[in-house]
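The first chain written gets the first letter, and so on, giving A, B, C, D, E and F; residue counts start at 1 in each chain.
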Amino acid sequence: MSTPAITPKHVSDSITEMTELVLPNDTNNLGTILGGKVMHLMDVACAIAARRHTGRTVVTAEVDSLSFLSPIHAGELVVLKAAVNRVFHTSLEVGVKVFAENLRTGQRRQTASAYFTFVAFDENGQPTPIPAAIPDTADEKRRFEEAAMRREARLKRKKG
Amino acid sequence: MSTPAITPKHVSDSITEMTELVLPNDTNNLGTILGGKVMHLMDVACAIAARRHTGRTVVTAEVDSLSFLSPIHAGELVVLKAAVNRVFHTSLEVGVKVFAENLRTGQRRQTASAYFTFVAFDENGQPTPIPAAIPDTADEKRRFEEAAMRREARLKRKKG
Amino acid sequence: MSTPAITPKHVSDSITEMTELVLPNDTNNLGTILGGKVMHLMDVACAIAARRHTGRTVVTAEVDSLSFLSPIHAGELVVLKAAVNRVFHTSLEVGVKVFAENLRTGQRRQTASAYFTFVAFDENGQPTPIPAAIPDTADEKRRFEEAAMRREARLKRKKG
Amino acid sequence: MSTPAITPKHVSDSITEMTELVLPNDTNNLGTILGGKVMHLMDVACAIAARRHTGRTVVTAEVDSLSFLSPIHAGELVVLKAAVNRVFHTSLEVGVKVFAENLRTGQRRQTASAYFTFVAFDENGQPTPIPAAIPDTADEKRRFEEAAMRREARLKRKKG
Amino acid sequence: MSTPAITPKHVSDSITEMTELVLPNDTNNLGTILGGKVMHLMDVACAIAARRHTGRTVVTAEVDSLSFLSPIHAGELVVLKAAVNRVFHTSLEVGVKVFAENLRTGQRRQTASAYFTFVAFDENGQPTPIPAAIPDTADEKRRFEEAAMRREARLKRKKG
Amino acid sequence: MSTPAITPKHVSDSITEMTELVLPNDTNNLGTILGGKVMHLMDVACAIAARRHTGRTVVTAEVDSLSFLSPIHAGELVVLKAAVNRVFHTSLEVGVKVFAENLRTGQRRQTASAYFTFVAFDENGQPTPIPAAIPDTADEKRRFEEAAMRREARLKRKKG
């Protein structure tokens, strides 16, 4: 088993899109999907983006700014989009957006977003350096800058 | 609840991509994903493509030419791509390809393919006409032509 | 771990019957069971029949002529019957029929059928010869003959 | 919706056979199936037998003499056989046996057994009389007699 | 891996409380939770109590006097309480009570109870002695005495 | 269906404890539980605490400061403790801590924590006022004060 290369990759190489149908077991008595189920899907989508970038096993370390904007109803489609925002030595931040798509009308709306921080581990279960993620578009560059500020806030919160 | 419009759509409007992680419960004692699990995912991806095109409830009627080319291993990513091939009055054919992605190396290979035929139903549970699916690219046009031949083979098989 | 004997067995030794209740999570918004769920159950029933005949790990290679004749409703019982049709060196064809049983009236009707081809693997993960499956009844003999024709069609399809 | 007939049926009309593969999520760290999973399957098999006899919704009331004789290992097949033993006005006793089948050797052994008592309910959710279950074979007649003794022990236990 | 100590523990050290929401897939067409699902939860709660007392892998051996007193409805909370009643060399009896809690009114009622007997296994998969469970309260002492009588009835039943 | 009373309750009335076993399907290839699974459990525990306080349907609105401190291994027990921190008219904040318990040694350690904000809905699906949650202990009073500061930070983040 060869070691994953440590050469930088582009942010766009990590883009992950997931599509899921809302099943009855995932809904509450208002007929809307449970927050915990959406969080589970967000974590999977972000972990895949992180593994695509690192080629490593990754473990969720922190979740920030998780907001639910509108409910997703039974029978709607859940679409998730995740991509790496920035790498910090052995950890990296991934951003994710969740959309609901009405399969009757084709309309799609954003319903949630969050930032997930993962740590990458080597074959011996030790944290391991991660190659840089190069932002190319204006949006990717903006997220790259903002990720540094969010990291500072996280470090401050931990000390406090 | 308004009636879905009967105006034609482009094949590309129905394109559906799904991404799934192989979990331990989905594998056999060779550590490869069970065929039945892959078939389940193929049906979901095709049904979403069919619902995106029709805006209707759809029911699986037939599955053709389902071949498994290579096994998918635990820890690999399953990626499915489905799109409408051709509409036949109240039914339509959807094609699907399945890929396995190694998250360590980033390599992706095709592992299965099939054709699914669905019937669309209206609010009263009756089969209902489906708007045409317009093929634009050369590949879409080839699949459009081949779908007609497959349909004839299916009709012949049923009579025989 | 001893090697499974290579002596022929009777088709009837592989007969497999499965019984499943339709649960809410397996149904669409018409209240009928999802095609993909039925396909998953068909694969499991056929794989058990193939393992009973071969004593080996088996992997799904192809699925033919999968037709859904009528929907299965929530609360109905799904009954599956599978048996080996014919052996082809390291692969074998299994036939499966699916029935829905109304637990209120006791009535049972066929809702689907298909042919599954499996390859058998030895302890080293290599394809391995399978003992012959001897057809005894008239139906078994007819399926034995038809399986040879289906195999030819499959080989022709692959070349084309 | 018509009322289920109140005419007696034969015990053999209720015989239910279920077949399940042991999946990784159902096993403990000895690699054997969890008792609770087996109990869940026993309840489903007995409930189907009870619904086949009554044509009614049934609810589990009591479980007696549930013994596990030997463990079932991952990769083995679980086979359950259930049938009505005797009817007591609005309740009935169902007996169930659980077998493990080694798919490599074809050997099968009994691993558990129990008696389940169900109450039948009508459309208004009220307990409703159940048609008699006629025992035909010597075994069915023996179980019919023993069921009356078990019922007495249950009633005595409840008073005490 | 060190050997679990063989020093006695208090009954209260094994007390286990589980809380579960009833999901749609766990209910029948009366909207009440399936008996088999409750039995599965009871087995998990009792096994955790047994593992907390023994520090060992435990396997369910027998279930006694399992009675369902009233149904649990979709949307209610299931609360389970289990504790060791008495140790018998390599086996032990655990008692469990099941409650339903209405989250709207806050009312809670008992819906089921049972006694589970487990056998403890060492690292080599052999039955292993279990430290005594010391009853402290009056209720614990009463259950300790009754457990001896139930064991005698179990042994008598097995011989008969 | 009566309206839930609007009289204040004590924080301690909402305390919710959940206990779950880590199953193979919930773990990654390091043998530790997936972050998304823990988040799902945290959401369920917090939602139960919120429903116990409000007697209402609640919907997850935001998640703050979700940190994973140490991994939970396959075979360990997950214990979650949640309680209401403070009510804000139609929303409320719930705090949750996650612990892992080694069933062999009995040792327990905290592995995660977070703050969940829920909105309560009435029978018509409209946000509805929530009775106050009275803090009694010193810890409850500290969390009550801190919750107000976190709410201000959340409102500021949304504007920005």
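The definition used in the following text is that a contact is a pair of C-beta atoms (placed from the backbone, for glycine too) under 8 Å apart; a residue touches a chain by one contact, two chains touch by 3 or more.
Just so it is clear, the structure is predicted and the values come from calculations on it, not from any experiment.
Engineer: Tell me, which chains sit next to both subunit A and subunit B?
Structural biologist: C, F
Engineer: Roughly how many whole angstrom separate the Cα centroids of subunit D and subunit F?
Structural biologist: Their C-alpha centroids are separated by 40 Å.
Engineer: How big is the gap, in whole Å, between where the Cα atoms of subunit C centre and where those of subunit D centre?
Structural biologist: Distance between chain centres: 27 Å.
Engineer: So what's the Cα centroid distance for subunit A and subunit F, whole Å?
Structural biologist: 22
Engineer: Please work out the Cα centroid separation of subunit A and subunit D, and write it as a whole number of Å.
Structural biologist: 47
Engineer: Please set out, as single numbers or ranges, the residues of subunit A touching at least two other chains.
Structural biologist: Touching at least two other chains: 24-25, 29, 44.
Engineer: Could you list each pair of chains that touch one another?
Structural biologist: A-B, A-C, A-E, A-F, B-C, B-D, B-F, C-D, C-E, D-E, D-F, E-F
Engineer: Which residues of subunit E touch subunit F in the complex?
Structural biologist: Within the complex, subunit E touches subunit F at residues 1, 4, 13, 16-21, 44-45, 48, 51-52, 55-56, 77, 103-106.
Engineer: Using the touch definition from the top, list the residues of subunit B that touch subunit F in their complex.
Structural biologist: It is residues 23-25, 75 of subunit B that touch subunit F.
Engineer: For a test of understanding, state which residues of subunit F touch subunit B in their complex under the given definition.
Structural biologist: These residues of subunit F touch subunit B: 24-25, 27, 29.
Engineer: Which residues of subunit B touch subunit C in the complex?
Structural biologist: Those in contact with subunit C are residues 28-30, 32, 34-37, 39-44, 47, 57, 59-68, 71, 114, 116, 121, 125, 157-158.
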